[in-house]
Amino acid sequence: MSGLTREDIDYILRLVDGSDFEELTLEMGDLKLELRKAGAPAPLAPSAEPASTPRPAPAPATPPELTGEGLEVPAPLLGIFYHAPKPGAPPFVTVGDRVGPDSVIGIIEVMKLMNQVTAGVTGLVTEIVAPNGEMVEHGQTLIRVKPD
Amino acid sequence: MPRIARIFIANRGEIAVRVIRTARAIGIETVLGVSEADRDSLGARLADRAVCLGPAPASQSYLSVGAVIEAAKGMGCDAIHPGYGFLSENRDLAQACADVGLIFIGPSPDNLAAVGDKLTARGHARDAGVPLVPGATVATTEEAMRLADELGFPLLIKAVAGGGGRGMKRVDHAGELASQLDLAMSEAAAAFGDARVYIERLVTSGRHIEVQILSDGMQVLHAGERDCSIQRRYQKVVEEAPAPHLPDTLRAAILEAGCAFARHIGYRSLGTVEFLVDVAREEFYFLEMNARVQVEHPVTEEVTGLDLIALQIAIAEGQPLALSQDDIGLVGHAIECRLNAEDIGNNFMPSPGRVSDAWFPSLPGLRVDTHMQPGAMIPPHYDSMIAKLITHGATRAEAIARMRDALRVIRLEGVRTNAPLHAAIMEDAAFVAGGVDTTYLPDLLTRMDTTP
Amino acid sequence: MPRIARIFIANRGEIAVRVIRTARAIGIETVLGVSEADRDSLGARLADRAVCLGPAPASQSYLSVGAVIEAAKGMGCDAIHPGYGFLSENRDLAQACADVGLIFIGPSPDNLAAVGDKLTARGHARDAGVPLVPGATVATTEEAMRLADELGFPLLIKAVAGGGGRGMKRVDHAGELASQLDLAMSEAAAAFGDARVYIERLVTSGRHIEVQILSDGMQVLHAGERDCSIQRRYQKVVEEAPAPHLPDTLRAAILEAGCAFARHIGYRSLGTVEFLVDVAREEFYFLEMNARVQVEHPVTEEVTGLDLIALQIAIAEGQPLALSQDDIGLVGHAIECRLNAEDIGNNFMPSPGRVSDAWFPSLPGLRVDTHMQPGAMIPPHYDSMIAKLITHGATRAEAIARMRDALRVIRLEGVRTNAPLHAAIMEDAAFVAGGVDTTYLPDLLTRMDTTP
Amino acid sequence: MSGLTREDIDYILRLVDGSDFEELTLEMGDLKLELRKAGAPAPLAPSAEPASTPRPAPAPATPPELTGEGLEVPAPLLGIFYHAPKPGAPPFVTVGDRVGPDSVIGIIEVMKLMNQVTAGVTGLVTEIVAPNGEMVEHGQTLIRVKPD
């Protein structure tokens, strides 16, 4: 992304904020930047619920992505997401908990195989996004963490 | 009998779009599993829903049995269509479907086991009385000499206990036979603890002809044959149906052999039995059976009028075939050209990238199966085939003429394709005459290289 | 004989793309004249070159004879294809082409003059012995009464010296005749200084059937008829070929009348003679001749296998038709649905805008003529027709079934279309039975409104 | 074009100038801005020669558009553009001339009809873009003027 800095993107974002338009597409060679104002399903900050989403929510790449509400911790693989180690047990994390990179935040089950998911970041849990016991697709946001 | 309401498609590209097309026509919902690289693909937009299986590398997405099964269950699907390639002939996926109560739109795990390994399949062919490449086990040089007289050269010596090509020796003339036999037997003894060897005729060329099988487990029908002899490095490039200039008795024998094989293994689904055909000798040899829909299925659809995907789904639902062999008539001739994103001027290097313009208009007798649209991305991770042009005509000459028109009229810009190669094939006298064998395309490429 | 090397296309939308398709197939270059609103249209991208004629309003671009002529000359074209609508039947353009040495791909200025005005055309029809709506001039009430007995009610009284609908009176029953006749004659005397009036049968409904004419100036051939009775406010919505349930003798008479009219005026090009047909009485009446390619030409192409645009170009080049009437055979049945960007739930309001997704896959027997692609803009300045779906089948029932499939499978998102109306027509018993008249669609729309 | 100012465009232009990319596409609602660096036929600043341009050069709307090299004066209609009132006569304007809004800068002929073209702006002529005696399409740049 030579030639396009964080400041540039901020500048363009401000441009869009100050305009009447809802979408902005910026293409520079292979790079395509799509911005959309709050409203329709937002490609930049997808908001969970795959079962009601006709399209896959764009995958935040690992490491977690920054949005307005904190870093998104994405599902590292597709499977059933569980908040707690077993039914009835307290969840691994709740809103307000502090997490570190290796803190377990949930389990993803794929064909009876349980995969622990870690936060990958240090900070405060601001939201549990993916519901308990439901399928998450690859890259779907599980929780949000406000980094230190 | 379970009717399928929602299919999970565990594939990508044009075959994902092809399955969606038939599903929309017959009123079945679709969920497409995509990799990160295919989030914006046509299939992802056309499916009722799309779900991301994993990152771009197929090993972590399209080849992940676990992700496919979990996604299909999680999205409330009752069946999985595996397309071709990827997991389409994967016994684990078929078994996992059975275990969790999903319909696998393909054959049973047992069927897959019967054809998945070439040696196992060869055993079944022998038992079914389907011709194999001629050969026999030999114990002495004298036996080998007698057999060689019978078979003619070149020959192939294989260890009976071997497999997968290990320990094979090619023998081009009688002078080499004794020494190569000695070597092969001692190597076999050392490697497998079993000195027995097997000598068979080395068939260096021939026509690749395959039989389209349709079976509901009770009736085994064929939908004619396809000629797929135009290949480069074992990749089919142009296919057609029916096979041109095939003597009627030979055609009938090949079709019957295909059905006999499928009957012998109790096959139930859509499948294809492939043969290598020596037209001059009126002989043919079993190669393998593909237990899935083929890339080249459209040429059969065009000459029979059947929707093979709809039939495949109906069989998977447990419906008996509403057809008898006599109901399957062949009309005219069909040709398929596989359009690949590759640079034929640069040793067929793949040419992935962004398609700037794509236009495949309706032309008389033209069918296009593709996932290309303006702005489509061709990711570098997968097969380079991006479209199939299929023309149908009352005669083979008409099908060829229509393909020439199609190649002149269509547009696909932004990436390099092998369209110029197809145009050259359609103009080439040997192809136009018809009935070329598998040496044809390498020869043509050599001729093209040496012609300025 | 001049061969055309580069065509200037003075049109837009699907017909521009249709002309480009044939031009590419037969190796003719194309230059497309576009308005500012169509700079990024599919046609502009497909043509070898595109040139901006003027701003979006058609009066300053597509209807500007001067801009079209200058652009065609400036771009080195040797011919102009006018499509349909816009300047397609404009005598000034045809004359300007002749003056500057460009080939007008259409009939001569004289042909255009002969059919351009309905009254002139009616005179030619009479002279050619082609049936017109029955009627005669009358001078007295007694004559009028006798004529009315013969014709039946309702009737239309017209001033002989009038024109363009001025001074016409509708008479629904005998009691009104004398007073309306007096009124019409005195009005005619006052308005035109000529009291003579003309009484003709008022044909309130019937089937719209038209004959496709092909003439090289020597041979006048027909390529069968089309039934275009399904209309809303005189706009055709669904067309088909051949006309269903038309008695053979009536069909033959209509086809011959179309040819007779074209022969009488020395017509040379592609053209269509339209008739209003009263099937019950086995009568038909000349309506008009369209001296250009019709929107609905594809249904004729599908049943005849002809490329009408290629023939139109060949005739314009001066080539004699390489066909005789016996060479034109009809196979099966074809139906066309005009897909319009309009909101059928809101009084058919046009629905221009950006198309987000467009997918028209190859389906058996389906042809799609369209300029729609993902991201295409439908400007508000022009006609709302954005695609034509044409299905061909061995029988009418098969063509209908294929259209139903097509309407289920295709996708066009981002704008509203009349696809639901087409789906309703294809399911409607009266349409499926076949042979409806021009009252059908208004009736169906009333039925749909009153059915929740 | 509410929300997108002249400064914004200049800023984006500088962005592109400082980058490795050759093209930039900025879409905001219906507005689409396409920029291309010198090289291929430039959509923002088309350089004449319609006969060699496969696509119509995007039309600068009347009034003239601003580019780096000055305002572009577009052809108000399609026709043959003449620099001078008759063959052999001196051209209406040459580089370095001052023009006002009503200064005639050339003639466009459409089917023997001569249409005078005026500059529509006050300033210094910096370039005669469209060649003499050749067809110009609607909106094609005729000359460039550096405004006062």
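By written order: A, B, C and D. Residues from 1 in each chain.
Just so it is clear, a residue touches a chain if its C-beta (ideal position, glycine included) is under 8 Å from a C-beta of that chain, and two chains touch if they have at least 3 such contacts.
Because the structure is predicted, anything quoted here is derived from the model rather than measured.
With contact taken as defined at the outset, there is no chain that touches chain B as well as chain C. Of all chains, the one whose Cα centroid sits at the greatest distance from that of chain B is D.
Annotation: 56 Å between the Cα-based centres of chain A and chain C. Each chain gets one centre point, the mean of its Cα atoms, and the points for chain A and chain B are 41 Å apart. Centre-to-centre separation of chain A and chain D, using mean CA positions: 47 Å.
The set of chain A residues touching two or more other chains is empty. In chain B, the residues touching two or more other chains are 45.
Touching chain A in their complex are the following residues of chain B: 34, 36, 39, 44-45, 48-55, 61, 64-67, 69-71, 73-75, 96, 354.
Interface of chain C with chain B (complex): residues 17, 21, 24-25, 27, 42, 45-46, 301, 305, 307, 357, 359, 361-364, 366-369, 373-375, 390, 405, 408-409, 411. Put simply, chain A touches chain B in their complex at residues 30, 50-51, 53-59, 77-80, 109-111, 113, 134-135, 137-140.
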